Each structure stands twice: as C-alpha cells, then as structure tokens.
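Going in written order, the chains are labelled A, B, C and D, and every chain counts its residues from 1.
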Amino acid sequence: MKLDNFLHDHPTTPRSKDEKQAVINRLKRIEGQVRGIQKMVEEDRYCVDILVQLSAINAALKKVGFSVTERHIKHCVSDAIKSGEGNETIEELMEVMKQFSK
Amino acid sequence: MKLDNFLHDHPTTPRSKDEKQAVINRLKRIEGQVRGIQKMVEEDRYCVDILVQLSAINAALKKVGFSVTERHIKHCVSDAIKSGEGNETIEELMEVMKQFSK
Amino acid sequence: MKLDNFLHDHPTTPRSKDEKQAVINRLKRIEGQVRGIQKMVEEDRYCVDILVQLSAINAALKKVGFSVTERHIKHCVSDAIKSGEGNETIEELMEVMKQFSK
Amino acid sequence: MKLDNFLHDHPTTPRSKDEKQAVINRLKRIEGQVRGIQKMVEEDRYCVDILVQLSAINAALKKVGFSVTERHIKHCVSDAIKSGEGNETIEELMEVMKQFSK
C-alpha cells in the first residue's frame, strides 16, 4: 500500500475543539523551539548544544505523532474494525507507522 | 559523560555568514511545515495525512542534525584530534549522537 | 501504563503453524546475520563494513516487529475493540510502539 | 557518497584480542536473544511480550553500533584527520551514520 491516497479526508469522529487546541498548543511550542534554534545558529552557538536542542524537537514531534496515532486507532481504526472493514485501515496505519519510525 | 555542560560555547571555527544562512533557511522551512500542520489540525484533516507530514518534518530535522554533525566533526572534532585532545570531544560527540538517534 | 504486566499470555487467536514458521524463518536469518558479524569482528574487518551489516540486521528486526504488530492489531486489538474493550489494549499497543521506536 | 566501496578493508589500528572478544561477547548475547524469541514464537507467546524482546535486541544492537562507531572515530577517522585526509573518511562516517539511524 502506498500513502499517496488516504482512506479519508477527515477523522471518522471529528476532533473536539479541546482536542484540536491540545495538539495545536504542542505544535506552537515546537514552532517556538525551531525558532530558538535559528537564533542559536545566528549567535554561532556550539554544534553539540544545537544538536541537543534538535533532539528535543524530534522527541516532541514524536510525542505529537504518538498522540495522533493513538486517537486514530481509538476512533478511525476502531470504527472500521467494528463495521468489519478493519483490514485496509490497519494496512494504512502500518504504512504510516513504518514511515514515521524511519 | 552527561550533556549538561558542553566543551565549548562556540564552534572552534566560526560559521561563515553563508553557512549560518543555509541552516537558518532549512529551519525556516521546517517552521513553515510545523505551522502547516497546525492548519491541518484546525481543518480537522485525516490523522494519517497529518502523520505523513509529521514524518516529513522529522526527516527534515534529521537532515539538519546530520549537517550540523558533519560540520562539527570536520571542524571542532578535527581540531581537537589534531591538537592531541580528541578523546573528550569524541565522547561528547558519541553522547549527542546517542541522544539524537532516540 | 507500564509494560511489566501484559494483558494476555497468548494471542487471542493462536498463530497457525505457517504463521509461526514464517516468523521463525526470519529470525533464523537474523541469527545467521548476527553470527556473520561475529566472524567479521574475528577477521578484524573494517568498522564501516561492520556498521552497514548491523544496520541491515536492525532493518530486518524492525520488519519482524512490524509484522508482529500488524498481526497483533488484526487479531488481539481487533477482538478487544469488537467486544467493547479496546482502550486498554490500544494503550498497551501505544506503549510498546513507543518502546520499539526508540 | 555511496557505501558500496569502503575506504579500507581493516581498521587502521588492528583491534586487540580483548577488543574483539568484547564485541563478540555482546553479539553472542544478542544471538541468544534472537533464539529466545524463536522459542517465544514457537510457544505462541503474546505479541506485545515478543515486541518488548525485539525492542531489547534493537537497543543492544544499537549499543554495539555506537561502540564500533566510537572506536572507528578514535582510530580510523582520527588517523585520517592527523594525516590531513579527514574529509573522505568523515563523509563515509556520515553516510553510515545516516543508514544506521534509519
């Protein structure tokens, strides 16, 4: 399965306002961290210091990814399984997990 | 070795204006990608679509990390090795590589 | 959730003889690759050559992991979801995926 | 740079008997872990239990990889840098680190 065509345009259960806000808040923090590294480069800060900050962003992005994945399984994947159409959704999930773990 | 205290505050050879700009340009693109995902969440886009974009950011951040690492080895680590003080610098490098690969 | 106590001792649907054999065959190949690296070390082969082989084993192990995960979702997780008890199983799955992606 | 042709056949400083034995001992332990998982599959053990063991092997392989990398930098890469021929060796190192981090 290729990930060039998704099974849906939206989650099968829409995200609530609070759910959206929680993810957006995390992404705003990550955006700030990325800007912080730009400043570090401008100030010509030590390479290892920059690498530690890049690692922190990677860890934060992974956390967002896992939380999006968990919600996806609890809603979209679960809904598909309950209606007897789990296989395609599970294969799509595996594909994106492989890509995400690279 | 713990990474709470770096061996230097700056690279042993300062980054040129062009070198700085190249890294900052990549980080600006990543910043834009992070903002793009915020928009996707607001529009309640499909989880797998969001995960693919998160994977793309992770890959872009890794590329920045590898380019910072390569420059670090070509300058700071090489300078330390040439002056017979490589070991501590290499151990610091290994520590940050372990952190980065998590 | 800590992974010190699993929800089950066995898959909810037992693995068939063929399923078992397919995983075991892959693991036997990996075992052979690990022995191959021991030989490379004995022959004092070049570090980068050894690292490429270690990467190949890592990739092969990940493939086994993804195939075990896919089967787990298609059976154990799906069964739990169908009987309305998905949440705990999904949280266990997320926990092991986080560990696996380190 | 492609990794189809290595810069050397052997480390620039041969591994001592003790160095070899230390790596081989770790690999023998990993080999045993891989056999252990084969047994788990034969006994049809729970998927998550197997995944935790696969993660442990991955972590152990990474440790071997980092120790081989550290020795490589402390000898082969350092020797090349000292004789003014660091660049090619550093690029080879970066290539294998990228592959290893996948």
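In the analysis below, a residue touches a chain if its C-beta (ideal position, glycine included) is under 8 Å from a C-beta of that chain, and two chains touch if they have at least 3 such contacts.
What you see is a predicted model, and the numbers here were worked out from it, not measured in a lab.
Colleague: Over the chains that touch one another, what is the least number of steps taking chain B to chain C?
Modeller: 2
Colleague: Touching both chain B and chain D, which chains are there?
Modeller: Touching chain B and chain D alike: no chains returned.
Colleague: Report the inter-centroid distance (CA atoms only) between chain A and chain D in whole Å.
Modeller: Taking the average C-alpha coordinate of chain A and of chain D, the gap between them is 29 Å.
Colleague: Could you please state the distance in Å, as a whole number, between where the Cα atoms of chain C are centred and where those of chain D are centred?
Modeller: 19
Colleague: Between chain A and chain C, tell me the centre distance in angstrom, where each centre is the average of that chain's C-alpha atoms.
Modeller: Chain A and chain C have C-alpha centres separated by 22 Å.
Colleague: Going by the touch rule set out above, which residues of chain B reach two or more other chains?
Modeller: In chain B, the residues touching two or more other chains are 62, 69, 93, 100, 102.
Colleague: So what shape is it, when you link every pair of chains that touch: line, ring, star, complete or other?
Modeller: Shape of the chain contacts: a ring, since each chain touches exactly two and the loop closes.
Colleague: Which pairs of chains touch each other?
Modeller: Every pair of chains in contact is listed here: A-B, A-C, B-D, C-D.
Colleague: Using the touch rule from the top, collect the residues of chain A that touch chain B in their complex.
Modeller: 3, 6-11, 14-15, 20, 23-24, 27-28, 30-31, 34-35, 37-38, 41-42, 44-52, 54-55, 57-59, 61-62, 64-65, 68-69, 71-72, 76, 92-93, 96, 99-100, 102
Colleague: Enumerate the contact residues on chain D facing chain B in the complex.
Modeller: 62, 66, 69-70, 73-74, 77-78, 81-82, 86-87, 90-91, 93-94, 97-98, 100-101
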